[in-house]
Amino acid sequence: MNDILIICGTNRKDSISKKIALIYQSLLEELGQSTQLIDLLELPNDFAFSALYENSGKNTQFNTYRTLMLEAQKFVFVVPEYNGSFPGVLKTFIDGLKFPGTFTDKKCALVGVSSGVQGAGLALSHLTDIFNYCGTYVLPVKPKLALIDDHFQNGVITNKLYLELLQIQAAKLIAF
Amino acid sequence: MNDILIICGTNRKDSISKKIALIYQSLLEELGQSTQLIDLLELPNDFAFSALYENSGKNTQFNTYRTLMLEAQKFVFVVPEYNGSFPGVLKTFIDGLKFPGTFTDKKCALVGVSSGVQGAGLALSHLTDIFNYCGTYVLPVKPKLALIDDHFQNGVITNKLYLELLQIQAAKLIAF
Amino acid sequence: MNDILIICGTNRKDSISKKIALIYQSLLEELGQSTQLIDLLELPNDFAFSALYENSGKNTQFNTYRTLMLEAQKFVFVVPEYNGSFPGVLKTFIDGLKFPGTFTDKKCALVGVSSGVQGAGLALSHLTDIFNYCGTYVLPVKPKLALIDDHFQNGVITNKLYLELLQIQAAKLIAF
Amino acid sequence: MNDILIICGTNRKDSISKKIALIYQSLLEELGQSTQLIDLLELPNDFAFSALYENSGKNTQFNTYRTLMLEAQKFVFVVPEYNGSFPGVLKTFIDGLKFPGTFTDKKCALVGVSSGVQGAGLALSHLTDIFNYCGTYVLPVKPKLALIDDHFQNGVITNKLYLELLQIQAAKLIAF
């Protein structure tokens, strides 16, 4: 599979991160890159128990996503800031994936989203630690879309710099 | 409530972290400190969906733990290393708690556990960021119990230094 | 010594951090707290070589600051963001201090300053790791004074929220 | 210049990091890769004052190293753990380099060295934040040579795993 896999890093309904993920998808498609999107909202609701540890690899519904992650070579994670870091559900998703194999020697891009002023900066730092631990190359450019409610309206990113940063990152990920 | 609340930071069955948490509990009790213990294994299996966001505060079973966390003044988190950081389920638990109020101006102690050589060092750094963000004072001494399988046998911590570090930390948390 | 020691975390001439440090000093004094201020600009210019390692404790001029740090019980570090973290010179200063003894079981407050949008957030996270390693309690509230050129003019912090955060932090440090 | 530039991340005399840097150099040379080595010990002793800020680019002796860094495309940083992070002098060196230009879109490998058990794990995490901020791609494999005094004797790395990790990393950096 050569699609770039975009992961919406929260299971919150109607999340802005999901909308940003969809915009990112169209940015990649405009550059001629095929994509797929995983929304953590679609995961089986009890996956933290039914798809980890002794149940690892045994949850059929979860395995759909597990296989997508295993087969992809490049990822984009769109990550809202919850309590000063990434959503726990995103890390739980990672904890349920095949190790090693899912992440080793692959490549990823990280995008932070926050209603506050930090743009999930610490979340992206923490995730970089995690992905590097898993053997994944992380693109150094990591857009931090702070104060998102001021810069995303009616489905459109109104902050020109934000949009440019995503376009630059998307092009770099394709070339990486 | 003046009990110190100990949180086993994983929902894995028969985890070593749970056993360390129980030892920590007896260390505190020996020092005359009353305690309670939360095991993430007991959480409702779908709490990542049924107790967060629009369901925040509405899951009766989860609320038992939410109230315990809200009323406690001091916490101990026993944290295994998963994929180079803390378990996602621990952060999801945090994401389901009342904010602000659960953590502001409270105090916590962090213990790392790993089968590998790092002792969850990065996990404890990430959690420190999170708790500081939430307004919680974090004890600077953070025992990192690396290579735990060599140092914990038959329910006993066989590494004398590890035990001393936990005792020092427990005493500091009581005095904090 | 019961003075709170304020450290201007850069050796740049006419730094905004120095000016913020002076404002912090007056905030503490207004609360009845005596203070002293260390400006890294005053350090012997070759201290990275003449006051570390085999020369540790032997540089008379550096020792003035080393003794101040050793005797203080509480610190405020005003930290500009350089290359995504704290200034190297601040860490070199720390590397030249007596260990252990300077930091163990003491207390500190961290303030971040940046011309960019992050307010030295990662710098403060890195420093928290360092001070916790050294056994120092770090106040969880860590003001991040981003876009400082817009919010500091003619020697006055014009952003009301910034000033309030510093006042809250100063009061907490005194009470800590 | 296509040499890989190896930076010994301390100015301590007779440092183990320097010896590890020399071993790394021979590993790269054995793989047919030309190299150069910068030892921070050779920097002008007052460079933290005479080569930064208003003096940036004006210190002839420092500029030799500044130019080497500017022209290289790939770096190896051998980083001892000081006070729970990297040596301040290494960050000061980075603060004296041309920005942007020195690091943007380049590639680097990080090696941690410690007498203690952590292998400079947090130092490498902090440096990853810094290099990513500067636009540099960081190799995810980051050997952490903990308890180095037990594993490096008479100029030889006696820990087979440590040597293998360095060889793997060196090959990956060449291919990156």
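Every chain is named by a letter (A, B, C and D) in the order it is written, and numbering of its residues begins at 1.
Assume contacts are C-beta pairs under 8 Å (C-beta built on N, C-alpha and C of every residue); 3 or more make two chains touch, one makes a residue touch a chain.
Here the structure is a predicted model, which means the values were calculated and not measured.
*Asks:* Could you compare the number of C-beta pairs in contact for B-D with that for A-D and name the larger?
*Replies:* If we tally the C-beta pairs in contact for B-D and A-D, the bigger total goes to A-D.
*Asks:* Which chain's C-alpha centroid is most distant from that of subunit A?
*Replies:* The most distant chain relative to subunit A turns out to be C.
*Asks:* Express in whole angstrom the distance between the two chain centres, defined as the mean CA positions of subunit B and subunit D.
*Replies:* Once rounded, the distance between the two centres reads 36 Å.
*Asks:* Would you kindly tell me how far, in whole Å, the mean C-alpha position of subunit D lies from that of subunit C?
*Replies:* For subunit C versus subunit D, the centre distance works out to 27 Å.
*Asks:* Any idea how many Å lie between the Cα centroids of subunit A and subunit D?
*Replies:* Centre separation, subunit A to subunit D: 31 Å.
*Asks:* Quick one: which residues in subunit D touch 2 or more of the other chains?
*Replies:* Touching at least two other chains: 122, 125, 129, 132-134.
*Asks:* Would you pull the subunit D residues touching subunit C in the complex into a rising list?
*Replies:* The contact residues of subunit D facing subunit C are 11-13, 45-50, 52-54, 82-95, 99, 122, 126, 129-130, 132-134.
*Asks:* State the interface residues of subunit A toward subunit D in the complex, per the touch definition above.
*Replies:* Residues of subunit A touching subunit D: 125, 128-129, 131-142.
*Asks:* Taking the touch rule as given, give the residues of subunit B at its contact with subunit D in the complex, in rising order.
*Replies:* 117-119, 121-122, 125, 144, 146
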